[in-house]
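Look for chain A in each of the two complexes below; its partner is chain B in the first and chain C in the second.
Let's turn to the complex of A and B:
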C-alpha cells in the first residue's frame, strides 16, 4: 500500500524549461505589431495619408521622417504603423470569425457523424479546391466592383476582403477541428463521461474543446500568416485596399519606384515577411509544445 | 431480495463489410439487488459487448434485440434521453484502462465533480466536499492535493481508484466493472478488487464484473456466467461452478491460469485453436474444434442451454461429471 499511495514524481517542471530564443524574437515582434496597431495613433508621427511636398522620396533616418518618405511624399513610418492596424484588423477578424465558424461546424459534424458529416466534409473539400486568391479576386470584383464613376469605398473593400478571407479560413480550420475531434471523441474518457449520463453538449464543452483547442490555435497562427500574404497579393494585383492603407497596398504603390526609393518596397515587404514568419514560428511552437505534452500522458 | 436487472434473450449484432457479426447471442441473465455477477471469457467472447449493450453504450453500427428490465422497467423501449437519466445515477461503469478513461488535459478534481454538478445539480463547494469524501472512500491519501493533480501525474492504481470514485459518485444501484484490473499491476489488482467489493457492501450495490480471469471472480462474485463466442455457456452460483464444473471450456479456462507449482521451464497452458469466425454461421458447438472431449455430435449440432439443477446451467452435450 505504501508504494501505491506514492504518486509519480512531478513532471510539470519540464514544462518550465527555458524557452528557445526564437520564442522571444517572434513574440516581441508580434507584441510590437499589436501595440502599433492599437496605440499607433498616439505616436508622434506625421499623418500617414498626408503628402509632404517639401520632402519627396527622402531616404530613411531623415531628421523628420525616420523611415523616409515615398516618392509621392508620404511618411513611411506613419504608413507602416497604419498598415499594421489594418493588417492586424483584417487578418485577426478573418481568422477569428472564420475559425469560430469552421470549428463549430467541424467539431459538431465530427462528434455527431452521420450524413451531415459527409456533407460537411464534401463542402470543405469543394471550398479547399478553389484557390484562395482566385476566390478572393472574384468575390471582391463582384461585391466591391468599382470603376471611375462608381468607386467602391475603402470600408466596403475592407469588408469584402474580410468576408472572402473568412470563407478561405472556414474549411481550413474546419477540417483541422473535425480531424482532431474525430481523434478525441473516440477516446475512452468520452465514453466514460457519457456512461455517467453527461449530455453531448457538456461532453463537447468539457472534454472535446479543451483537447481540440491547441490544434486549432496552432493552425490559427499559421492562418494569420497566410491571410496577410493573401492580402498583400491582392493589393499587388490591384484589387486590395487602395491608397497605401495596408502593407500590401504600400508595396503595390511603391513597386514602380524601386529604382529610386527601394525602401518603399523593402520596408512593407519586410514587415509582411517578419509578421508571417513570426506567426508561423509561433504556430509551430504551440504545436510542438502540445505534442510534447501529449506524449507525456 | 427483488430483481434489479433482468436481461431476456438479448442479442447484439454489428454490421460489418463482411456481413453481420454476432457478438452476443440470446443471452438471459438475472441479477438481484446487491448481487454480483462475474462474466468470464477470453478476448472476443462478447463479454464487454454484453455489458455495454446492457447499459446502451453501443456504437451506431450495432443492433440490440431482446429486452432488458431494470427495476421493473423495460429500458430497451425507453427513449435515449430517459436511458441517459439512468446512466451514472442508476448504472455506472468502470472502464478497463484507467490510462485512457481519464481526460489528460483536465485536473482530477474537475473530472470528479463533473457528474456531481451536471447530474446531481450540486454547487461547486458541495461538489468539492463530496469529491474529497469520495476520494477518502477509495482510500486516496491527501485527497485535497489529489484534486489539483493531472492524470499523468498518477500511477495506474491511483487512476483506477479515481475512475471508481467517479463511477460511484452518483451512487448507482448497478456497477459494471469492465476488466477493472487488467491494466494494473498484479499487486494492485487485489487491492482494487477488495476496494470495489467493500464499496459494494457499504451501499448494497449490485455489480457485473467482466474479466478473463476466473481467479479474479472467485472471491468477488455471487454467480458467474461463462461466455464463449457470444453465448453464455455456463451459468451458476460461484461456489457451485467451482465445485461442480460442467463445461470443458470453463475447465480449460481454469487450467490456463499459470500456477506456481508447475516446474520451471514448462510451457504455459493454453487453449489450442481460435474462436470461430463470428460473421459465419457454422453448425455444431462453437467450441468443438478446441474441445478435448469432442465427438461427432458436437460438430453436427449446437447444444442448448441445459438446466443441471442447483441453478446450474450449461451448454454441452457431454458435461464434465456426466449428465444427472
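Let's turn to the complex of A and C:
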C-alpha cells in the first residue's frame, strides 16, 4: 500500500520534464515518513514506550536522546518514529478505503444516472452537511463508547478512528468522482463505444476510470492531509488514540508541559504540519498539472 | 420563486435526514440511553427522563418529540447530578463568543486576502506574486491546533503579552475582549486567508484575460478602477461563495480553538457534551451546527443565482 501511493504521482507527473524544487522537498519528506513508518523498528533508537527516569525532560540534541525526552522521560525521536507508523496507517487506510468506496459509488451513480443518482447525491449532501470534525467526533464518541467498567482498548479506538475517518472521506471523494464522471461520460468517445455495443463495465474500466483517476488522486492527497489534521484535532480534544502512540496523541500529551518542555509540542506539530504541507503540495501539483478547475474540494 | 421553493425543500430534506440519522446514532449507544445520561440516578429519575425526552417511545417517536421540541424552541436539557440546565440557556451564553470568533476570523481573512489576491494576480509571475504564493501555500496547510498551541506558547506563556485562556464580553471589557480574541482569531484566520487569497488570485487572473477588461483598460480607465470595478466585482462571487462554504469548516475549527483557548463557545460546548455524554444536548448542538451550515450553503447558492447572471444560464 505504501509503495503504491508513493509511485503513483510519478506516473502522472513524468510527462513534465522539469519538476519544481518543491516536488523534491515534498517527495523526500513523504518518502522519509513512509520509510520511518515501515522500517522505524529497525532504527537504533530507544524504546518509544519506555520511560528513562534518569533523563526527564532533556532538551533536543542531547547525547543519548537526539530529539530530547518528554517530562515523563519518553524519548521524543522514538516516539515520533513510532507515531509516524500509526499516523500513516490511520490516514492511508482511511483515505484508501474511503476513497475506493466513494469512487465506486460516485462513478457508478454518475454513469448510470436515474433514481440511484438522486439518492446518492442526497446521501452525500446529508453527510457533507455535518462538518468533518463534528461528524468524526460524534461517530467516535458513540462507537468507541467506554466508561469505567468497560474501557475501550487502544486497538478498538484505532479501528473506530479509521472507520469514522473513512465515513468522512466517502462523500468527499464520492462527490469529486461523480462530478468528474459526469463530465467524461457524455464525451464523444464514450458515446461511440456505447453505440458499438461495448458493455457498461468495459466502458467504465477502459474509458471512465483512466480519465477520472487523476482528479481522484489529487483530492486523495489533499484528503490525506485533512485526515492527519482531524486525527490531531481529535487527540487534542482527548478522544483520539491515547498514550502518545500517534503524533496527535504525543501533541495532546505534551500540551500540559508546554511551558517546561515546548519541544514536546513543537516536534509533533512540526511533523504533522510538514506531512500535511507535503501531501497538499503533491495534490496541488497533480491538480495544476492536469489544469482542471472542477477538481477543487 | 420556484427555484427558491425547490432549494428550500431540498434543504429541509437534507436537514431532516441528517438529524434523523443523528438521533439514530444516539440510540445506537450501547446500553440504556437514560443510564448514559444520568449514570448515578435512581430508577424513578431515569423514568422521568425517558418520558420527558421521548426515549421510551422508540426511534420514530423519539425523533418526532425531539424535532417538535426543536421547532417550538424546546432544545432539550443537560442532565446534571440532581438537576438540569436547558440547552437553550447554554446556547444563549455560548453562541455570542463563537459568533464573534467566526466573524472576526472572516473579516480578518477577507481584509488581508482581497488586496493580497488582487495585487498578486495583477502582478502575476512577479517576485511579489511568487513569494506570496509559496508563503500562502505553506500556511494553508498548517493545522489550526498546531498554530494555536504554538502561538499561545510564544505570546501568552513566554512573552506574557496576552492571557493564554479565557473570554470576556465585548460590552463589559472591550479591551480585554480583543486581547483574548487575538490569538484564537489568528489561528483560525491564517488558513482562511491563504485559501481566499489563492482563490481570488486564480479567479482574477482568469477575469483579467476577458475582453471587456482589455476594453476598459484601452478606454483609458485607471488601472485601479479597472481592477476594482471590472475585475474584482465578478470575481468576488467565488470568494463570497467560498467564504460561506467555509462557515462549516470554521465551526469545526472553533471546536479546537475554543478548547485550546478555553472560550465558552458552541464548539467548546459540543466537545463538553460529547465528553460528558449529554446525548440530548449533543444531538441538539450538532443539529444546529449542520442546519446553519446547510442554510448558509443554500442562501449563498440562491444569492449568487439572483445576483450573478452567469450562473443562471447554466441551469436547464
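Rule of thumb we're sticking to: the second predicted complex is superposed on the first by the 274 of 297 C-alpha atoms of A that agree within 3 Å, B and C clash if a C-alpha of one lies under 4 Å from a C-alpha of the other, contacts with A are read in each partner's own complex, and residues count from 1 in each chain.
As a working rule, contacts are C-beta pairs under 8 Å (C-beta built on N, C-alpha and C of every residue); 3 or more make two chains touch, one makes a residue touch a chain.
What you see is a predicted model; the values in this text were computed from it and never measured.
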After lining up the shared chain so the two structures overlap, which partner does A:257 touch, if you call chain B first and chain C second: first, second, both or neither? neither
Report for A:113: first if it touches chain B alone, second if chain C alone, otherwise both or neither. first
Is A:197 contacted by the first partner chain B, the second partner chain C, both or neither? first
Go through the superposed model and pick first if A:210 touches only chain B, second if only chain C, both, or neither. first
Looking at the overlay, does A:188 come into contact with chain B only (first), chain C only (second), both, or neither? first
Using the superposition on chain A described above, determine whether A:93 touches chain B (first), chain C (second), both, or neither. neither
Quick check for you: in the superposed arrangement, does A:154 touch first (chain B), second (chain C), both or neither? neither
By residue count, which of the two partners contacts chain A more extensively, chain B or chain C? C
Mind working out whether A:289 is in touch with chain B, chain C, both or neither, as first, second, both or neither? neither
Common interface positions of chain A, toward chain B and toward chain C: none
Chain A partner, complex, touching residues on chain C are 10, 13-15, 17-18, 21-22, 25-26, 28-31, 39, 134, 137-138, 140-146, 149-150, 152-153, 157-158, 248-249, 251-253, 255-256, 259-260, 270-271, 274-275, 277, 282, 286, 289-290, 293-294
Sort out for me which residues of chain A touch chain B in the complex. 1, 4-8, 10-12, 113, 187-189, 191-199, 202, 206-207, 210-211, 294, 296-297
List the residues on chain A that touch chain C in their complex, please. 22, 122, 125-126, 129-134, 137-139, 141-142, 145, 147, 225, 229, 232-233, 236-239, 251, 255, 258-259, 262, 265-266, 269-270, 272-273, 276-277, 279-281, 284
Within the complex, chain A is touched by chain B residues 55, 57, 60, 84-89, 92-93, 95, 97, 99-106, 110, 114-115, 118-119, 140-141, 149, 151-155, 157-158, 163, 166-167, 169-170, 187-188, 191
